[in-house]
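You will see chain A twice below: alongside chain B first, and alongside chain C after that.
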Partner chain A sequence: MGVSCKKHMLKFDPRTELLFLVLANVVAFTQHSLWVEITWVVLLLLLIIACGCTKAAGRLAFAFGLCLFLQYYVFSNGPKILASSFTILVSYARKVFPCLIVGTLILQKTSVRELMAALRRCHIPQGLIIPLSVTIRYFPALKEEVGYIRDAMKLRDIHGIQKMECLLVPVMISATTTAEELSAAAVTRGIENPVHKTSMVEMKFGVQDFLCLAVGVVFCFISVTAG
Partner chain B sequence: MVEIQDVSFAYEKEQGTLSHIDLQVGQGECVLLCGESGCGKTTVTKLVNGLIPHFVEGGALTGMVSVNGMEVADTEMYSLAEQVGSVFQNPKSQFFNIDSDSEITFGLENAGVAPEKIKERLEATVSALKIGPLLGRNIFSMSGGEKQSLAFASVYAMNPSVFVLDEPTANLDAEAIDILRRQIMQIKKEGRTVIVAEHRLYFLMDLIDRAVFLQDGKIIRIFSGDEFRGIPEQQRIRMGLRSFTDPVMELPCARPPGTKDGLSVENLSCAFDRQTVFEGISFSAIPGEVLGIVGYNGAGKTTLTRCLCGLLKEEGGTVRLDGKTLNRKQRNRACSLVMQDVNHQLFSDSIWDECEMSMPEGRAEEIEKILKAFDLLEFKERHPMALSGGQKQRLAVATAILSGKRLLVFDEPTSGLDYRHMLGVGRMIRELAGHGCIVLVVSHDREFMEKTCDRIFEMDGRRDGNG
Partner chain C sequence: MSNSKNGKGLKGKDLITIGIFSAIYFVINFAFMLMGGIHPVLWMLMPGFIAVFAGIPFMLMAAKVQKPGAVFLMGLITALIYFATGQFTLVILISMASTCILAEVIRGMTKYDSFKGNSVSYVIFSLGMVGSPLPIWLFKADFLAQITEQGMPADYVSAVEALSSNAMLVVLFVSPIIGGIIGAFIAKALFKKHFVKAGIV
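Right, the complex of A and B next:
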């Protein structure tokens, strides 16, 4: 949440990010050339590095490299059984990477408000946007909860399979009360108001949006036709 | 102007009723709703902000409630939202956004206010409530007090003429309560109506114009501000109300480290996420003693309790029990923590199972004895979640005792409790100490600490630390 370093980084319109998610999917599931795929992943990684997700990019790059290493070195040189049981898993995992990368960008660099405003601009119905935004908001809260519950389990000396069961009960209970309180707060702040909602977030396509989208679309076109 | 005329209400699922409530609150008035837990004060706030009848399902409502001439039952929640702003008890569950700026503007965006106008309101809110430091923050990195301040600001931004506050200080420390007091003072100065349901009263004493005392869903008496302030101590206690003055703690400091009998913490340092939270902490606590741990939000109280319970490794220093150094694992076995939200630590589907789980080879008589001592035996087949808050807390303590733990740490055991329940928790803690346990209590509740603790250890660690 560093405010000071924000200026130096590339910032996209949330709609561009959503479009990129679509493009990432199209490319991932239409092309069959390894080199197209690697170039696409590298391009996307560079993109999110420019946006400031350096750490995440590093992790994703490592994981992608690992997949390639497994598939093209370990599986072809190692025992047959390894290849036949894991090839499908690994090659599908690899396919998901472009989406993962764009997803990381959206989760790390786009606030819920921006995303909601973008979805509203795209005329997605309100009935879909509200549950979606509350879900996103719930994940960090869930993480906090699970932290407390794990502490409690350590003190009660609960181990093994019992742990799973013991985690679920308190999480469910707190989820229901949280949901109840959250919706009470929501209705008292007028979430049900049918008027056209506004947003303080200024949304404008900038040069960077057009440029990146253009590159993306061209790449997409090449991969569909060449693949 | 808020008018409640001969209103009776009964919940369908929960306990609690209101009968024949009559109350008029003029514009600009600050009215306190007080009384023991379950007296109906929260229910009255729900009549005003429209949660009854619009949000609470079922229930039988008669009578009429109106706010600024609008009848609540016939007005949509979103129209009411423009007139009535609500701040609730739990700072954690009032947010829809992950960043603070979005949260402040959330209500205005819902109402479709033009972006330039929103910006104006945001700036006005920041300067009126002095919340500059809260801007541009991640909500999950905020303390409870900061979250409550933000909740107040996001309601203020919508510019309502009536504020309804439902136990807003239940989870706040003294400093945060003072900030809230100043915020209420500000809205009062601006001529807004304030209706506040509270247990903790000292911070409201010079703000209230009237006080409504409720019992079993009925208004027993409406006091004027001066009448209320003039209530003698004995009568206040009979009414079951919390202290009217900010309690001063005059307890001796914790014993110096090095005791051979009990807990000795020597030069302890802890870090969280590679950042030092506190350094060089030393004190002792002997069996039979209740030691209170106080300090501002961020002084490291939570980190200290987690470290003592062996949930976190120390950076330096030693923790001894009866002169023997304990490592993290050993502390884990010797200590127990009663959490602020006990729901996090009850796992079984009956009270009996919950106890057996803590004592797998335990004898039935032993469990029975403990359950009896904690007034839980008659509920032994019940699901822990069907218990009241106080019973859950006692069950958590019972399981700790059954697993043979000697050091018990309580984290905010009295948040949101009325006078009588607070005394109850205090009695239980004194009894535990009487049976030879070492009890540590982390709390913001000075009235409770003054009554319960023998000694006090004050943490004044770095203010910017995390929890």
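Right, the complex of A and C next:
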């Protein structure tokens, strides 16, 4: 896959990326052989390197190697308590790796706007696209909010069970106000207009999309039949 | 609320409200999901833990959006994000879809604004997460064979086997019910103490 993408800084159609997510899921839950898994992860890593996520690819490769090392070396030789506590976590983490790699690619190289346009092209109903895009965009805001509240709690020296309440209540109240403000803005900009929405984002399947999808499907087929 | 009368379908504002509270629900859900990775027992109790703490976003959303489809969308968004990170198996998809539909039916029957109706629907909604550890029981033989094959120590395998007894299965199903009831009452208490005074419900 990586070989077929020699051009520097490859750019995929968002729909291809979504399809890859599905493929990654299928492979993750059908294959049982270690070598199939490693090949698939390496191919996907090459793919995202070709797309320009070199740093993220490095980190993911390191994490994957760490998982393998833990599972095949440390757990069988180290103390038992370590193995029984972390086995599920590590084997689960390993299983989600392909999806994690594709997810990283989507997060780093595709804006929410492009993703929404792609979903709209796939005829996903508006009633799902709007809340989904709000959810995805609200995560960073939520993180920021929780950071401020934590600082405030430190200043006032709040501990124990009270912490829960002091964290949740402001978050909820600010969420409610945000919902109100956001919907006022969105309604003004015509979110309730039933007409088909137009988009500045151009979308077209290119050669690289077809090539990579073909390789992905073939691989999927191999993993299902061989696994 | 008055906006439940004008128009049955979900409007832009409802959709955005659902989106925001789904984000909070997901974060709470995810935190406990990560915790579940530490030890199998925590994983089995996870649906219960989530139920205790996620009651507030759920009940607040239920109070804000008194229309059909809100709960279903919340479940669907959670499922989709988990799907993207590869944590969703078919089992949890089925369990979540069925509980979400059931929760919607309960809300519909109780006209969307009663505390009791919303609590019952919340308890059912919480049961949806049971599908995450459920494969341990459903594919017990397969699962044990698989982890033995992966080179797990024998005593770990026997520990998992002991955990997957029928008694633990009962615990798995009872914990989100109890957790859901506690969560609903926590939400009610906080509503009374803060949200009604602040005028947001």
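Annotations for the structure displayed:
Simple rule for what comes next: the second predicted complex is superposed on the first by the 201 of 227 C-alpha atoms of A that agree within 3 Å, B and C clash if a C-alpha of one lies under 4 Å from a C-alpha of the other, contacts with A are read in each partner's own complex, and residues count from 1 in each chain.
We adopt the following convention: a residue touches a chain if its C-beta (ideal position, glycine included) is under 8 Å from a C-beta of that chain, and two chains touch if they have at least 3 such contacts.
Values in this document were obtained by computation on a predicted structure and should not be read as measured data.
Of the two partner chains placed by the overlay, only chain C lies in contact with A:L128; chain B stays clear of it.
In the superposition on chain A, A:V207 makes contact with neither chain B nor chain C.
Of the two partner chains placed around the shared chain by superposition, chain B is the only one that A:V195 touches, whereas chain C remains out of contact.
Residue contacts after overlaying the shared chain place A:A24 against chain C, while chain B stays out of touching range.
In the superposition on chain A, A:I149 makes contact with chain B only, not with chain C. When the two complexes are overlaid on their common chain A, residue A:I161 makes contact with neither chain B nor chain C.
Residue contacts after overlaying the shared chain place A:R113 against chain B, while chain C stays out of touching range. In the superposition on chain A, contact is made by A:V169 with both chain B and chain C. Overlap of the chain B and chain C interfaces on chain A comprises residues 133-134, 136, 165, 169, 173, 177-178, 182-183, 186-187, 191-192. Residue ranges of chain C in contact with chain A, taken from their complex: 10-13, 15-24, 26-27, 37-40, 43, 53, 56-57, 60, 64, 69, 73, 76-77, 80-81, 83-89, 146-147, 150-153, 155-156, 159, 190, 194-195, 198, 200. Within the complex formed with chain B, the residues of chain A that make contact are 1, 3, 111-113, 133-134, 136-137, 140-141, 144-145, 148-149, 151-158, 165-166, 169-170, 173-174, 177-178, 181-200, 202. Chain B makes touch with chain A in their complex at residues 49-51, 54-55, 76-78, 80-82, 84-86, 88, 90, 92-99, 101-102, 105-115, 118-119, 122, 136-138, 140-141, 154-155, 158, 306, 309-311, 332-333, 335-337, 339, 341, 343-347, 349, 357-358, 385, 399, 403.
Residues of chain A that touch chain C in their complex: 21, 24-25, 28-29, 32, 71-72, 75-76, 80, 83-89, 91-93, 95-100, 103, 106, 127-128, 130-136, 138-139, 142, 164-165, 168-169, 171-173, 175-180, 182-183, 186-187, 191-192.
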